[in-house]
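Naming follows writing order (A, B, C and D), and every chain is counted from residue 1.
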Amino acid sequence: MTWDPTCVTEELVVNMGPQHPSTHGVLRLILRLDGERVLEVRPDIGFLHSSLEKIAERLDYRQYLPYTDRYDYLCAMANELAYVRAVESLLGVEPTPRCQWIRVMMAEMNRIASHLVYYGALGMDTGATTVFLYCFRERERILQLFEDASGQRLLYHYFRIGGLRNDLPPGFCEGLRSFLDEFPRRVAEYDALLTRNRIFRSRTEGVGYLSPEAALSYGVTGPTLRGSGVSYDLRRAAPYYVYPELEFDVPTRPEGDVMARHLVRQEEMLQSVHLLHQCLDRLPPGEINVKVPRKLKPDPGEIYVRIESPRGELGVYLISDGSEKPYRLHWRAPSFHNLQAYPEMCQGAYVADLVAILGSLDIILGDVDR
Amino acid sequence: MRKRYGDNLWDLLRILAAGAWSILVGLYITGINLIRPGVCERYPRRDHRPDYQPRPGYRGDFALLSDPERPGGLRCIACLQCQNICPDQCIHITPEGKGKDRHPVQFRIDTGLCQFCWLCVEVCPVAAITMTPDYETATDQPQKLIRDLDTLRERGRNIPEPQRVEPVGCVADGGA
Amino acid sequence: MSEGQEQQIASVSSPEPLSAELQEIAGDLTTGGCVRAGRPELLTTPENLLPLLNRLHELPEPYSRLTDLCGVDWGDRVQVVYALCRGYGAEMVLVKVDLPRAQAEVPTVTGLWQLAFWPEREVAEMFGVTFVGHPNCEHLLLPEGFVGYPLLKDYEYDRSNPLLSPDPLREDPDAVLGGPPSEDETGAS
Amino acid sequence: MGLRELEDRLRQLPGNLPRAPEQPLRRWAQTHHEGGLSVAFINVVDKVLDTGRACSTWGLQFGLACCAIEMMAVGASRYDLDRFGVFFRGSPRQADAMLVAGTLTLKMADVLRRLYDQMPEPRYVIAVGNCAISGGRFYHHAYSVVRGVDRVVPVDIYVPGCPPRPESFIDAIRKLHQLMRRESIADTIGHGERQHEDFFRKRELP
């Protein structure tokens, strides 16, 4: 049998998900294919829509705090940080210096843990199982520290309005230091094993290009944006807590492909290590809690707080009507907007590239659907 | 956009060499990790690491701490604060008695509804309720997920005094 | 704390007047405006929305980046809030459009920013707002055929739905389990 | 099957709580158990089959939310679920047990049921985390979360926690193995033909 070049092929519509091992959660992709080439991608979301914004209107400020963990479950500390910061701003409360340092520390640790999941998952998506196991090995050490401090492995509920659940437990700083000393060497290992691997490179270089202009229009933020050459990081652009006093780089790559986003995240892990070293060195002693009333009743008003979560710009729009419950709470979800740019990145890609591009976006469906 | 490989022999050889080098590096790294100490927890086999269990502050199954001098043998004064603050409404208390004799006659916690947020422990004025590191709670019937007074009391009895976790919160101002 | 840090702890609820720049360009297109916690807010009407956004877009230092779009239910009216950023910077302005609940219609901004596609669909299904000119305004997060607008204040979910109905075991465990407590004792199994 | 059909199907059921189903097959098996040689034969076959099932339980990873991350952690290096012969599969056709980890929403409910229907008998379901057990933290407030997986598929093991520890997860797998070892082939034969009436099929732990 010979291949006939005049053979006419038809377009094929394929449904991927919502239950597919490599869609990073319950995401459904409707693909229009011409052979192996993707003509159109239409993400269908909402399979994890758990009405978190409505729940905020039914619970008081303190009761809603554990729910913020469940919103983007890979970086629970970042969500808590955003929410707590919003409520404290409404109340006019400023946390103590030690509390601010610990909060920043926890957020940075969570960034490493979240990026490690990303790293392992992208490895899995591109067919490298080993790096997943190594990443989770290192992640477990961070989770162990989180568990010591907060009593849970994944959803911490560690921050409180006006302070923290408890001070750092004994041995925490030593444990963190030993982890930080070892971690850069492990990142170098991942780098050699995955990033510099010939197969991985040919699957990621030049794949899934996103231009800075499109990124601006789609509202893409976080490492995905920085992989397109825009140096935008809210820790720099609108710094909060102790970030102005800390020294760190904002890693940026101009290529805009999967590899660029991957390298940005890899570099960010090392920057977080650098930040954590500074935090440990400069962690001040003192109180961690400010006294806040037992019944939280902020004055009527509203606040829009933005922080840099591992996935990008995380915003909380909180409106108070003077009662014990928030009048309206809206999450500006970074993954939601990043995923919207996904069809743009998939133009002209092959089916096998879709998974790599999706992996490089690092979306969390809890964040997309809320 | 994507580069096409193997346009000439030299390219092909270069790519083959790079691929072979990647494989060697990969084998080297996995080999190094092969001789590193293992990290596997071997959970059900306690002999592997007999002292292994979650850390003391772990938010696992519930317990009510005992106080032999109070009616009902519990510290709990049935003030219903935990029931009111619980965002999941998973605590059901039936109180009895007045003033100092007030105590719960039934205290149900639905661990199939709870989100283990620690708010009830934090809000308790007499540190009567706590969470234990118990985690082997899987069951085949949803009814068994509901802890009642006797279960909670029994589990609280097993907690030795020094390990009791005191409430650590930022709730303050006393008077309100 | 550095210069660029957002002014957070200033009292959130006491508004201040708008800056001269915003007052000048937005004065005739807005129905109100103030600065709250260092962040300007502009209140406008559906007709003036697109001209106002365009004008903000054409400033020498434009508010060129839409970061967020959401809705708020104020009882008799529904408000759509657009959060715009000045490039990739800290400065931000909130543009709010008030819509009567009975006839909530607002022009779409998908022509200006690609970002608005999904958030507008979300606001449409959650608040019942019609975005005039939106290319595809079907359900985004909710299943097909979902009835009602869940983020409106008076929305209550359908308790007779077998997937959502209350569970007797959870509602009143005493009635279901009943009997002396020792019968149900489980321990740590 | 769409969401509406699923809802209608569930509406026709008498209640939401699990109930002991009428099992003509079980009765048939009991009568056959009494006859000497066949009992011995069935016992031997049971032992072999149950051991096989319990030693290589392939799980359909139905990770939905936060618990899915813990499920990944269980499969990863520190907890290493492979020790128990549990491998995660992406396809329902290759799976013995469905591990439902996370929040099941209305939009996802009929997908879950469809995947369950595709699994070969005997099939088992583990509900991991409180969202899967009862809706958990969303039970009282949410408008889009199904109040427990057991409204859509019969659940064999409930693992409380939010999310459960990996050890808790392993404990659940071991309890599932106990269940499997208590099964008789006489009970499992013909599951495929059984109708929706024994939707809430129950096996019990000792």
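The rule is simple: contacts are C-beta pairs under 8 Å (C-beta built on N, C-alpha and C of every residue); 3 or more make two chains touch, one makes a residue touch a chain.
Bear in mind that the values here come from a model prediction, so they are computed numbers and not experimental data.
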{"item": "A-D against C-D, pair bridged by the larger set of C-beta contacts", "value": "A-D"}
{"item": "Central chain (distance from its CA mean to the mean of all protein CA atoms)", "value": "A"}
{"item": "Whole-Å gap separating subunit A and subunit D, where each centre is the average of the chain's CA atoms", "value": "32"}
{"item": "Centre-of-Cα separation between subunit D and subunit C, whole angstrom", "value": "40"}
{"item": "Cα-centroid distance, subunit B relative to subunit D, in whole angstrom", "value": "24"}
{"item": "Centroid spacing, where centroids are CA-atom means, of subunit B and subunit C in whole angstrom", "value": "35"}
{"item": "Subunit C, residues touching no fewer than two other chains", "value": "141-143, 150, 155, 169-170"}
{"item": "For subunit D, residues that touch 2 or more chains besides their own", "value": "17, 77-78, 107, 134, 137, 139, 142-145, 148, 162, 165-166"}
{"item": "Of all residues in subunit B, the ones touching two or more other chains", "value": "39, 54, 87, 110, 112-113, 115-116, 136-139, 142"}
{"item": "Subunit B partner contacts - residues on subunit A that touch it in the complex", "value": "59, 62-67, 70, 130, 134, 137, 140, 147-152, 155, 157, 160-166, 169, 189, 192-193, 196-199, 202, 206-207, 209, 288-295, 348"}
{"item": "Residues on subunit B engaged by subunit D in the complex (per definition of touch)", "value": "39-44, 54, 60, 87-89, 110-116, 135-142, 145"}
{"item": "Touching residues on subunit D, where the partner in the complex is subunit C", "value": "2-4, 6-7, 10-11, 13, 16-17, 106-107, 109, 134, 139, 142-148, 151-152"}
{"item": "Footprint of subunit A on subunit C - complex, ascending", "value": "1-2, 4-6, 8-9, 11-13, 36-37, 39, 64-68, 70, 72-73, 81, 83, 88-90, 92, 94, 113-115, 117-119, 139-143, 150-151, 153, 155"}
{"item": "Subunit D-facing residues of subunit C, complex", "value": "141-146, 150, 155, 157, 161-170"}
